[in-house]
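Going by the order they are written in, the chains are A, B, C and D; count residues from 1 in each one.
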């Protein structure tokens, strides 16, 4: 009998307390972020329109990958580090500082990496953003911080093809390949010339 | 209404018919609108109780959300599952609708604003709302879905069980007022809180609580929403419904909420009673009534977003072991109390005022708890830091 | 009387898409009305073959996959894997002290968020939606904190073989301290809202009692085991990392509202573990030393030939990583023994003769996470 | 008790054919010939001084390389194997623990791939039920005396056992095309063999 009334008492008591809590919640800050209207990319921008207690994205947030090709040395470490093969890099043997546009100006004019690493130029740098799982292993592995995560996270497209991030355009690729061919041809010519000279020398020696 | 039509030169019989049609349309539209708006109200309040915003896009503060939802539901394909009992499946939602909308006949909108003040008003009210259980059971059975069937069975068991405590709870006000008519019960109360039926004696308080819990169960509201318990039965009896039929189920559910609030207000909370000087202002009476109904609806919504749900055996225990004995005791107690204080109206008034003061005391306790809880929730978190962008 | 009323059994298919199976799990129920006569769990809907994938990715490259093993507590899964590999390589003593403390802080934060989800989901299954949303809100703050730490909100890939990927900022530490002050009070409030509610207690108490012997026989782990009254926590009994230096209790079930080992005991163990975790993080914030956050590990990891079975205490209990290496750049076999798996295997036994609504309570109280169950 | 002491105990009290393995990795283990697994595990569970009351983990893997461990010569486990899988075997591990005595031990055994059969230990620990079902599903080990040996992770009509080396996933399952898309193919590394 005691338990019977205890049940009733506890029932009312706990319901009373519970109702006071849910009523109290009506007077605290609303946490909903009205996303497209509120810019959540940093803490400052989120604070402009939003009154709740959630944070914007921090600086090291892992968003869509970005590649700074002027830093990239085509070492392919990121490609090897990626556990799901969403990065693919092709390269040609060509010093990219020597690349010139149609007018003849150098395409790149600022370099930070060592001389020895400039010998290769990327002709294809594709990232499959649809497959990328934003684990950050590529960015951690990169020796020159060429590949890194941005704060960007919106990427609505109509097709899966559009989700492939191509960092080297077709003309850049063609240019690099042409230059590489030129360099190769030059080198071959030089070699042939050297060989010829050698031959000539040899002949001369024979004679 | 009839008088107005006659005064503009219509014959009495056409005037009666036209006025009836007009009243029907007005009340029906009022119910549909109320049901619709209540869906928005519920979602909005639940949002606030969870530190969210709730729907706020369609119209100012999202108040037209229900229209958008309704249009969307009406435009949806009307699916009838394979193997369903097509006739029963098609007709089931309308039983729910009739069960709820039938109550508008005796719905006391205010003092004297009532379509038909039947002398068996309360009895009619309870009987017609029992139609809802047919609709739910038919929906559950005809859907050809085992979850729906369990939901329908639960609903039948639950509503049938809870009819009894609700009826017993209503006996106490009937005992006091000596009538079954809505108008009569309202007239037996005054406009001051201690003249309301609920504060008349300790027994009326008990019977009010029992009636309130019982009508929660009849309206299938949490903690008694077992027929559609979404975490157990997916969506219970309306799992297979889409489109307009689903909309009808929902409309009747929220209209039922309003009906339940109206009944509670009329029987226990003094209805649309006004102080003597203001008695002629019918609009004011309707407003007072609606204000009280909104409070009840708010409490019901509030309960839903606070409490977990019972299990079916606990639900039955609650009805048969707690509510029913309580209702009997309240009924007997009230009868004895009335017999003892028959010639001592002063004692009755003093007891009523004491009951009201107890209520005020509980309310103050409650407000103190709310303040404490607000303070706890406002402990700062994530305060701005300088070196995070 | 029962024999006279006995009718045909009703076979109900619960799941794979059901609101309260916590993921894609299917139960084939044979019920007598609402009372379950037989329950046959059908798992594997989320089987992604992570163990097979492990055989073709590098040791370091598998860490992001461990995030996906149990996305509710990815940090703990990271830690479990990384510590197993470190043990295999024999470098577990070389991890810098600061890295160990950082690991404990982030893991305990993640444990809080995981338990918050476990408790909230149990409340949701019982029909109370509000506490779940409150817990989600608090978890969002933890996600914010972990995002400062590592840049991701759910699949962290923060702990790596040899330490952690990047050092914690002072902002993280101060914000964590602030969050704990807030959370400690709020979590008690949410408990008052739901955990001590009479209806909730009645739903959970005396349901699906698992005696200690049965729990051990079925190899229940973590809070489920402790709910049955077995005082065993790997952090305490087989300590790893810096847990021996920290002071905390191991809460066990006591049968406070019914029988020892019922759903409510399992539930309350989680509630109390949140308090213990808060205590642990506070101590770590005080004791965390300065220094390196990562040991020097070669970029191409090749552990020596051999096998290891390493257990850590994740929110879903003792998670064991069995790794067999043949000295190459990827494991020959990697097996993940998770708490949800054994938790699930006990359901056919304890779900006999209970209501359908109780099955929901059982799933909620066992805290089953489908991706961890199927891997 | 450490593994060596447990090994001595087994040696002393049973006739089982066992050997102590400590070369491999940080945890030493006890190798038991496959037909002795059930008696040894029963002894470990029932002996009061040992009291291994929980089976923490049971797993196995497909070892493809021809026998490289010396004990294979002694036990000749592949005697019953068919010609094709002469040296291929499945190695099985049981990790058991005692909550009361707080010690653990790793028992291992191996069975030939051609005849992957071993006694079930469900009679000792109920947790073995699902663990053995999983090993059966993914590796194809048939457990004698298991009460309910069905596939657990994969569908009932799945063919093959994925965790065996050299398993190739079907490209088509019930009309679901599982072959890699053009995009995936274009991203496949050239030099890297997987």
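General remarks:
One rule holds in what follows: a residue touches a chain if its C-beta (ideal position, glycine included) is under 8 Å from a C-beta of that chain, and two chains touch if they have at least 3 such contacts.
Everything quoted here is computed from the prediction, not taken from an experiment.
By count of C-beta pairs in contact, A-B exceeds the other of the chain pairs A-D and A-B. Between the CA-based centres of chain A and chain D the separation comes to 42 Å, rounded to the whole angstrom. Note on chain placement: the centre of chain A and the centre of chain B lie 57 Å apart, centres being C-alpha means.
A separation of 26 Å divides the Cα centre of chain C from that of chain D.
Centre to centre, using the average C-alpha position, chain B and chain C are separated by 42 Å. In chain D, there is no position where the chain touches two or more neighbouring chains simultaneously. Residue positions of chain B touching 2 or more other chains, listed in rising order: 49-52, 305-307, 373, 376-377, 380-382, 385, 388. Along chain A, residues 7, 15, 17-18, 21-22, 25, 31, 53-55, 57-58 each make contact with two or more other chains.
The full set of touching chain pairs reads A-B, A-C, A-D, B-C, C-D. Those residues of chain D that touch chain C in the shared complex are 23-27, 29, 53-57, 59-61, 63, 65, 91, 93, 95, 99, 102, 106, 125-127, 129-131, 134, 138, 151-155, 162-163, 194. For chain A in complex with chain C, the touching residues are 7, 10-11, 13-15, 17-18, 21-22, 25, 31, 53-55, 57-58, 60-62, 81-83, 133-137, 140-141, 149. Only residues 181, 183-184, 186-189, 192 of chain D touch chain A when the two sit together in their complex. On the side of chain B, the complex with chain A involves touching residues 45, 47-53, 302-303, 305-307, 321-322, 366, 369-371, 373-374, 376-378, 380-382, 384-385, 388-389.
Touching chain A in their complex are the following residues of chain C: 57-58, 60-65, 67, 130, 134, 137, 140-141, 144, 147-148, 150-152, 155, 157, 165-166, 189-190, 192-194, 196-199, 299.
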